[in-house]
Amino acid sequence: MTNRELRFEAEELLDRYVQCLDEDRLEEWPDFFSDKAVYKIISRVNVERNHPLATMFCDSRDMMKDRVVAIRNASVFSQRYLRHLVSNVRVMGQDGDAHIVKSNYVVLQTMQGEETKVFNAGQYVDKIIFGDGGPKFQEKLVIYDTIQIPGLLVVPI
Amino acid sequence: MTNRELRFEAEELLDRYVQCLDEDRLEEWPDFFSDKAVYKIISRVNVERNHPLATMFCDSRDMMKDRVVAIRNASVFSQRYLRHLVSNVRVMGQDGDAHIVKSNYVVLQTMQGEETKVFNAGQYVDKIIFGDGGPKFQEKLVIYDTIQIPGLLVVPI
Amino acid sequence: MTNRELRFEAEELLDRYVQCLDEDRLEEWPDFFSDKAVYKIISRVNVERNHPLATMFCDSRDMMKDRVVAIRNASVFSQRYLRHLVSNVRVMGQDGDAHIVKSNYVVLQTMQGEETKVFNAGQYVDKIIFGDGGPKFQEKLVIYDTIQIPGLLVVPI
């Protein structure tokens, strides 16, 4: 595939990914990852200081499924809407079979009776496998700028 | 056309569409639609609850033109700037001659003497006809997350 | 190059450009411009009223380099993160050797201990040269909607 085709495919994967999250179809979220994929939400501060502490960490699709069950069972939320925008999708290079793709994202949150606000902004650093079953994340790092998170960050981004 | 070409054409239509609105060229706004097109701004809450009540509704290009005249004649606004960002443009399938295209948008508003704020965020669900005269909207649903709208929502989005 | 290829190349240039700024690699910022390039940050109000007064103005790459040195030496900032999103990239036409490309941007700012906010939103109006050494800006106008800027605007956008 050319660089252009890779970017196109990566954009399509990201488009479907954020639509899944925006529509709160969390049960489908693990399907965007390969079996042994790593998913990590980590602050930009921690990345820059080499602190490994992550806000959310999964190192397999099964762990992601457990996470979704936990969110559904344990969490009581006031109703809110999330809306992701992703831009500046860049294919940066390769790591083994995977392509490294960076992009910028912002998640907007609308709580009942409140204005729409920035919930979280940052960068996706993804390793994507372009296989027979369509592209999958082999690793997805969500590196967020936002330090003060309005409400708890318990959902995937 | 391939899926990739369809997305490219849809993106170009959306780019021109939001530029028209950002530059307040409302008189050109109906030209983005086919004759009998439907334009609807409706809250996500109402869509989810199957309430048909729309915030703005037009079912022909003539009705859109009337709307623009009404906005120009009747409305007194304090000066403000709008800025649309659109991302995650996805060709979802076909409905008759039209292609269904979903995308996420945010409109930022700058009022005199105030910081730039999120005015409205949500999803475009479009049916687009790719005809000889270039692509046109046959239907455009603006499904907005934002419940508290800072100022009245009287302009198209 | 076809219009589609031009847009693709312009998007890649913009992607690299904003990543450079987001990662605070200011020393590399002038490299995105040709030797005699013009860089201007100007308010939308001033553009509309034909006031030439710019918030930042450089008319050569050397002047940009001086600017970066000045920022590094003179400025004391509280730590903050910036995050650019760019959308609606449109190739509008040609001006001599350059292609005119417009896009919408938003810059989100995260200050220590604060929520992420809109720092600046507006439009890029670029003249891009597609030469042997890769695409470069021959002119970049940053026309911003945002009037109330939270903190001083001393960095390029």
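A few notes on this one:
Labels for the chains are A, B and C, by order of writing; each one numbers its residues from 1.
Everything that follows uses one rule, which is that contacts are C-beta pairs under 8 Å (C-beta built on N, C-alpha and C of every residue); 3 or more make two chains touch, one makes a residue touch a chain.
Quantities reported herein were computed from a predicted structural model and do not represent experimental measurements.
Residue numbering shows that subunit B and subunit C use the same positions for less than half of their mutual interface. When the CA atoms of subunit A are superposed on subunit B, the rotation angle comes to 120 degrees (nearest 5).
Note: centroid distance subunit B to subunit C, computed from Cα atoms, is 27 Å. Multi-chain contact residues of subunit C (touching two or more other chains): 85, 87, 106, 117-118. Taken in their complex, subunit B has these residues touching subunit A: 4, 44, 85, 87-90, 102, 104, 106, 117-118, 120-123, 145-148, 150. Contacts from subunit A toward subunit B in the complex involve residues 8, 12, 14-16, 18-19, 22, 81, 83-87, 106, 108, 110, 112-118.
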